[in-house]
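I've put the structures underneath this note.
One chain, chain A, links the two complexes that follow: it is found with chain B in the first and with chain C in the second.
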Partner chain A sequence: MYGRQVVKSIRATQRALISIAGSLVSILCGLIAVGLFLVVAGRDPIRIYSGIFTSAFGDGFALSETLVAATPVMFCALGVAVAARVGLMNIGVEGQLLAGAVGSTFIALTLPATMPPWVMLSLMAVTACVCGAIWSAIPALLKVRLNVNETIVSLLLNYVAVLVVEFLIHGPWQDPTTSSWPQTQAFPASAELLHLPGSRIHLGFFIAVVIGLVLSLVLTRTKVGFRANVIGQNPEAAKYAHYRVNRYLIIALLVSGAVAALAGFSQVSAIEGRLRSGLSPGYGYTGFLVAWLARQNPLAIIVTAVLLGGFLSGADSLQLSEKLPFATVNILQGAIFLFLLASETSLKNLAFKLQLRMATNAEPDGLALLPAAGASEVNS
Partner chain B sequence: MSVESATRAKTIEAGSVQACSLSFRSVSKRFGQILANDSVSFDVIGGGIHAIVGENGAGKSTLSKILYGYYKSDAGSINLDGHQIVLNSPFDARKLGIGMVHQQLALVSSLSGFENVVLGDPKLSFAFSKTKIEKQVQSKAREFGFKLDLSCPVSHLGIADRQKLEMFKLIWRDARVLILDEPTSQLTPFEAEELLSIARDLAESGRIVILITHHINEVINFARHITVLRQGRSISTVEASSVTSDALARLMIDIDMDSFLPIEGRAQSIAEPLINLKSVSTKATATSHPLHDISFGVRPAEIVGVAGISGSGQLEFGRLLAGLLEPSAGGISGSIINQGSEISRALALSVCYIPSEQNHACAPALSVAANCFLKSIDSLPVHTSTLWKLLNSVFINSAHMERHARAIIDAFSITPNLSDVPAAALSGGNLQRLIIGRELSTKTSVIVADNPCAGLDAAMSMRIRYELRKAALEGRAVILISPDLEELLTTCDRIVAMFNGRICGEQIAGQFDYQSLAACMGGKS
Partner chain C sequence: MNDSLPFWVAVAAGMIRCATPVLLATVGECITERSGVLNLGLEGTMLAGALSAVVVSYYTHSVVLAIAIAMLVGAIIGLLHACICIKFQANQVASGIAMTILLSGITAFFGADFVGKPIQSVVAIKLPFLCDIPLIGPILFNQDPLVYLCYLIVPLTYWLINHTRFGLSLRAVGEEPRAAAAAGIQVRRVRYISTMLGAALAALGGAYLSLVYAQGWIENITAGRGWVAVGLVVFAAWNPWRALIGAYLFGLAVSLQLRLQAAGCEVSPYLLGMLPYLLVISVMAGSSIIGRKKAESVPTALGVSYAEQA
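Moving on, here comes the complex of A and B:
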């Protein structure tokens, strides 16, 4: 029994290592591919990459900026992971982030400024979640009722969300004092999320980490998570086991939208202090990439979000020091994602082969290909 | 001499070729630690079908793939017409006139039968007259007794015609050795008979026809010689006329079969039906056939067989009973359904369903343990503490899950004997055992098993039927859906036949009549 346990944990570790290696190789390939472009464009990729690294992780300030950038990415990636668990691709986290930002802004601008901060902030967070959930309810209902592809619907709703925000900040919510700027009034002090003293790191980061831990527990240890996993792996099997598949699909997308909306809440409340144009430079899409790099594992998302957050904050300073457009980072992310998708199949095959070999080596008499062993003791 | 046999004689004469001989000499093949073929030696005797029988994993497929050049044997030799042949690839085999009809047919479904026959034919020149060649193909098909429509797309042909087309393709290419790998596994009894009699004619005209199968009865009826493989070794070669099906099964599986013999003369159950369908119909959808006017009851402690060729509505019938399909008309009642409760929910709770499609019943990427636990997720070992109960109603108890999986793995001898590998790592037969073990462990009062023995070897099939009968003896009701009439006749207390979404015949044990049931399956009643 003891031996079996050891073999088991070795196999589990091995599986994890294969996944991590796949993600790291994808990032490396992405860096190399974009590096080639930079060389062609007459830049020195080594210098640029080391520039990104130092301005992302070089000193205390750099690290704090990285964590700030990682916060919305982490929320979005966790949202993607919840939906992915039941097999749904929610690429609409970007739109749900904006919906959350709109919801929070509504509360911050409507409630009297003299509200106690904890009432104000909790109401803002709750409203953000509700708005995000409403935004993701659209693809959820279309999926369940009419079997419309949730990826496409949620993606298209991102553009709608951007336009809704633009409408609000150019129209009814525009700050009357600076009428030329597309932004709302500054929030009252009671609507500002707590910061770590002396830095821009805010409570949102810690909330995201806690949500990641809770999601990890729920998805891997509870019956709800187990059912969700079965549904994600094979909805047919779940139907045969009489799980309430549609209910799970809807709830997963609602939770997904709500978690992503918290990114919007924390951005307007802690960083911007108002709703303005260009609130998210694609945090949702970066979150999608993070969720995929982390294989939808919430714990891995926490780490990966910090890494990609580093890319974002590093690229910010790159604009100044190297005169490179911010889009460079988008290109880099796109390249990594391509390599990641390409690695999926080969990784699966590799993992499968290794596992079979492990199974064979560990227990020589327990082969998958062996003819029906034990047939002779059937009737004893 | 009757007219029919006269035409047959003519056919044989028309297509005669010089008789050839084939022999295997100590052929061995090893895959890793498995010895798939262990110095197999026998002579293939012409003049009639030579069958190779054995349970799954006995080495039949490996041997035939060695003969077709797919695998290279590690040791031993194959002699054709007295000369040792070297096969490095299927290409070499085809050059020597060795052809194979695979289980998975290799036809292009959008092309016509004729086009499939000549596709890739090396004899044809770059430009050729289509009408002329088509005429040649037609006349050759007639000559060999293939009744086939060669002009319509293959996608319009039934599975039996596709099998015949594959066989004819080999004849067109002048194959002298034909390997047929489980050709009848998807055919009705009549279709199988037709196909096998064509094969027999080909064999009697001098070709070597090797039939690989695990249907004991068709071997005895159609083959002339039978070689039995067991655990990679050739056990013996016998004449079909001198062997009984029982003796053949014993040769194949080498276990004591007496405990598996059918339960004869059981009294008909008279208890109140657990489920009673009254004139139930369902609507056709893109993926399911309609059911018409089904009236059917199943009582405790009986096994009811549902016969029918694939697509006759038995799939939908099973899903209906399992609560996965809503009736559009008619009523469902029975003792398992409480007045006023939702019918599909009640069925879901008291019917366990083994679907014919394995991949509908498991999540391949999840572990074996998770797949075993899928349906028992709410079951808990008895415990008194309230806190413990509360925790276990929310969290997965992994020790409990492991115990549950272990019990199923051991009871159904699933290999590899590991609970944490992904279910995808199991072979088809082992996965099927997992699903059956899981469903039977749910202890529901009704079991619906849709073709549960498909793809299982003879011993495991018997084991499954034994489990189903045991369940019936314990008072559970079993509905066994199967296209294999033989299986139903030896297992069931009652058989209904389905055709075109209707139940078109019913017989009870003691009055079973193979011929009339087979006719019902074909729509003639």
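Moving on, here comes the complex of A and C:
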């Protein structure tokens, strides 16, 4: 029995190492490919990359801005990961972020400004979560009741969410004092999330990290997490085991939307101080990529979000100094994503081969652990 | 455009124009998905088609060349997506999303120089005799050549899928790839061809957007029309004729919204702008309620990678 435990843990470590290596290699390949692209476009990639790196991780200020950019990405990625655990692709985190921002703004503008900050902020956060969950309830219900593809519905709702925000800031919520700007009036001081002194890092970052840790515990250490995994990996088996699959699917998407909505809450409360146009430069899509790079693992998401947040904040500061179009980040993200996807199956095969070799070299105990599909290959 | 036309005739004529790009992409995706490949990169493919058409039209002043290059670019993108999904057996949904992120970045990068540049656009041609038919004439037959091409593409695609040898292989590969392979069909080759064909049609739709509809390049010109097309394929149950109905419903929503705004409607343009998206979500839900018994119209192998056995 002891031998099996060791083999199991070695296998898990091996798999994790291969995954991490795969993600790193994908990022590297993405950087190289986009570097070649920049050369073709007549730019100096080394100068640009070193610029991005210094303005992302170069000094204390750069690092703090990276963490600021990483916060909404982390919330969105965690949202994506919750849905992915039960096998759903929620690309609607972008819209759920906006729904959360709208919900928080409603509270900040309606409640009296003299409210104690903790009442104001907790109400804003709760309303954001409710709004995000409502927004993700639409694809959830359509998926469960009518088997409509949740990816497409949640994507289409992203466009609707943008229009909802535009409607509000051009219409009923527009700041009456500066009527030419499409934005709401500034929030009262009680609606501003706590910052670390001397930086723009705010409480939202720490909330995101805590949510990541809690999600990790729930997914790996509880019955609910185990069942969610089974549903995601093998829905047929889950049905056979009489799990309430539909309930899990709905709850996962609601939680997913609520977590992503916190990104909207923390952005309007801590960074913008109001609702305005262009609130998110695609945090939801970056979050989707982060969740995939981190293999939907909440702990890995925390680290990966900081890395990709660095790309965002670095490229943002290079917009002015190097006249680098912000679209470069999208190109980089798309390239990394494609490399990651292309490598995924070959990595799985590699992991399988390594395990096979280890199992055949080890004691016969290891053979018993092999999946049935591999058994025939051993014989041949 | 034509102030002399009665309101509803103008709406209907606008419906045809607004529907055309989405219709082309939807019909293309019907072909792709029939072979079992899910291409969610339509949004990005349409963007790439739109920008390459603008670039070629700006430098060469040739609309025909612009359209040809746009379709070629689309086919190359389709090849890349097919390669990732078929050769590397990647998750097809994620690959489509990755393609769209990549292409929206690339088009925004290069498109910035082409915003507001004058281009050679396509002019409407009245079809003799046909355009004199009351009511139908000014709606259907006073359009640009690409719309007429679209009238042909729907029946052609239907014929291709249902009445040709290639169509038979296409359906076989989408339903039972192993059986198809046993019958001597090159599963992968059919899937490569159908994905490239579908992406080329989507890029043509994008070219229509920039050459005819907007007459120039705007960043993110498609505004979700690629995703709309993917949704409409579900509504269409993978049938080009039903894709026509879906696309015209979408076109009607867009055209009505534009006409209402032009007529000085009180409702906020942002609220009206939601109409097309909500319509597509509703028709997806609606077709699911109606077609629940006919679940067999979904290609069985859709989205499943096919690892050929040696």
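Quick note on the criterion: the second predicted complex is superposed on the first by the 357 of 380 C-alpha atoms of A that agree within 3 Å, B and C clash if a C-alpha of one lies under 4 Å from a C-alpha of the other, contacts with A are read in each partner's own complex, and residues count from 1 in each chain.
Quick note on the criterion: a residue touches a chain if its C-beta (ideal position, glycine included) is under 8 Å from a C-beta of that chain, and two chains touch if they have at least 3 such contacts.
Note that the structure is predicted; figures quoted are calculated from it, not measured.
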Which superposed partner A:159 touches (first chain B, second chain C, both, neither): second
Partner chain(s) touched by A:320 [first = chain B, second = chain C, both, neither]: neither
Which of chain B and chain C A:335 touches, first, second, both or neither: second
Contacts of A:170 with chain B and chain C, given as first, second, both or neither: second
First (chain B), second (chain C), both or neither touched by A:40: neither
Touching both chain B and chain C, residues of chain A: none
Touch list for chain C against partner chain A, complex: 40, 84, 88-91, 93-95, 97-106, 108-110, 112, 223-224, 227-228, 230-231, 234, 268, 270-271, 273-274, 277-278, 280-281, 284-285, 288-289, 292, 305
Chain A contact footprint on chain B (complex, rising order): 31-34, 55-58, 231, 253-256, 259-260, 322-324, 348-349, 353, 355, 357, 359-366, 370, 373-375, 377-378, 393-396, 413, 415-418, 420-422, 424-427, 429-430, 457, 459-460, 463, 466
Residue ranges of chain A touching chain C (in the complex, touch as defined): 41, 89, 91, 138, 142, 146-149, 151-153, 155-160, 163-164, 166-167, 170-171, 285, 288-289, 292, 325, 327-335, 337-338, 341-346
Sites on chain A touched by chain B in the complex: 8, 11-12, 221-227, 229-230, 233-234, 236-242, 352, 355-356, 359-360, 363-364, 366-379
